[in-house]
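As written, the chains take the letters A, B and C, and residue 1 is the first residue of each chain.
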């Protein structure tokens, strides 16, 4: 299941005096099983682009092929595409509307006309995957959930449709560190265990550093960088010029490098950073007092 | 003689969910805030931070204990106007604080409520907008501002009431990193240049370390209270309370475990880099 | 799909003409007087004078006439149907049949009443349009609040009503954006808004309406808290930064209005309709 976009352009309020172009000549391919992070300053066009992945938008200029099907083709079943490419929005309150958690998660599969037993099975599976205990939360009122729990319920609601690709649009925004941890763990599990292709839109470099293998940087409606995470994060100056803060750990490496430490910039996490620093310190003969 | 602005004495508060069920939100909280302080309040979700904040301007009344602003008790309804003038509050959602369609009219809302003369309102609105570098947006439609700008307008609206203290309840949670920085810069300026007491509630550690005093809450109690360096010298306790350490500190602690001689209170990237350079040059 | 494409409420076209500069209280009162007059006019002659007056006003606003009249387009089908109904169904005593079409008989009274009604609706539209195109929403709210202020004594919450109006307007784009996001979120879960019969499509409104309403209530609660924190305790005791001040052109406008209204009343009284 793959996504292929060629020559995509998108304008708001097209045809009116308020027309504004927000996507310029986008060319992009995302393959099965990838974990792609999309980042960029606000108004870069990230969400607009992502909404072509599940055929919320259908191209007027350019071509969008999802799983080999042209979304602009009148014969393509867009609803089927929306089940295969799940999209979780930032605000779970835009999605949750049924009285109980269980009913809301069941909404998607019911729309897919799944038989009763299968709906039940899918709801169970989805709740388990996101870490909401079936017995505790199935009959819970959606209003009684915390922010993090609501996000997980929303993700479960999309997972219950059994998508092959999952788009997550800024789902960690506004969460406290614990809530963030929970969500990131769930997403990692989805990619690792269920082999779902993940497209993760975020404004937090740190979140992307943890999980994404490939990073796409967008700015003012264009894709300005596209490559392996290590490579992209190392381009500290370029990222800063776009108004983006590189992951904290890279920022530290960058400063060390400026002061003459020979450390690589293409690291992804704390362990790698510590190793690099350790190596440099040992080489320069710094004392280690072992207690 | 310390100039106490806000005094919280043995305050208890619980939310009543039903006949038999209530959630304890504040448990014997004691706090003194002096004029001109620059304080951050951190804690996990559910620790009582927002509940405490809402006691400081009388939006919530304690179930037991007392809250006094400038010596005025929140128990007395007639004091509320003066209290809310002295303690302004900015909330998390940028949209749900703005009432008017035009920026300068929204900033005028507070002073209008106080019955201030129109000419004076105009002066205050201009001053507030200028202080926040928003003067060029004065006639803009509020609905078309970015979230970051909306938060700045909200702060301007509170500033126009000439408060002695501004309490901000996770004002940057929904903002992008750039806007977050802007808001923090503004708060620092307001504190240093205008002498306004600032109490910021946040769950971003990088924000908390920039403050003069950090309060840590858990389970409705204030567990830790001191300058950030002191607070972060107790990483185990912080971990127990479910709080993250700033990354430079985490790295310094790990390197310290391996025997490298680094001080236990490194909070910023700059400090870490400087200390590592020192180590290298000593070798 | 882009729901926010055509959201333009109360199209206000800023300008610096005499009409634009009038105090909103003057304009609102004038509009009310003109609307009242319209309901009493029953002769072609009176309408001609009224139309001439409106034409003069429209020209004074310097808004392109084509733009003003373009707002009538959506109304034309309805107007036509209403005119036909009057033409064929009105048969007051003393009227004569002027022609018949199949089983329908048109009376001269019907023709007259139908035509007069259509003209009345068009002129009504013009009065409201001149008002909203030359007065911003904020000005309208301020004007309404000021006009209703004397009624506070008998319990009319003038400030609260005006403020409610302003808040509603300020949230229109926010809510439109939210509606769009909700629709997209439910589309993403497989709700196909463009399929199904009438009943099925109507049912699809719930996944959209419920989150919208719930969020609106939450917003309201948060907004009230924020307003309380800024010392809002209702309309009494409040001052306003912008004080409405009438000037010479307002006095002039009132004089013109008075003369016109007096003339109209005279016409109405002296030249009665045939029926």
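We take it that a contact is a pair of C-beta atoms (placed from the backbone, for glycine too) under 8 Å apart; a residue touches a chain by one contact, two chains touch by 3 or more.
Not measured: the values here are computed from a predicted model.
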{"item": "For chain A and chain B, chains touching each", "value": "C"}
{"item": "Pair of chains joined by more contacts [C-beta pairs], B-C or A-C", "value": "B-C"}
{"item": "Farthest chain relative to chain B (centres taken as mean CA coordinates)", "value": "C"}
{"item": "Rounded Å distance, chain A centre to chain B centre (Cα mean)", "value": "30"}
{"item": "Length of the line joining the C-alpha centres of chain B and chain C, rounded to whole Å", "value": "45"}
{"item": "Residues of chain B defined as touching chain A within the complex", "value": "44-46, 92, 146, 173-174, 176-178, 203, 206, 242-244, 247-248, 250-251, 254-255, 258-261, 269-270, 272-273, 276-277, 279-280, 282-283"}
{"item": "Residue ranges of chain C in contact with chain A within the complex", "value": "1-2, 5, 178, 181-182, 184-192, 195, 206-207, 210-211, 214-215, 218"}
{"item": "Touching residues on chain B, where the partner in the complex is chain C", "value": "57, 59, 81, 84-85, 88-89, 91, 93, 95-102, 104-105, 108-118, 121-122, 125, 142-144, 154, 157-158, 161"}
{"item": "In the complex with chain C, residue positions of chain A that touch it", "value": "12-13, 16, 51, 54, 56-57, 78-79, 82-83, 86-89, 91, 93-97, 107-108, 111-112, 157-158, 161"}
{"item": "Residue numbers on chain C that touch chain B, as the complex places them", "value": "137-138, 163, 166-167, 169-174, 219, 222-223, 225-233, 237-243"}
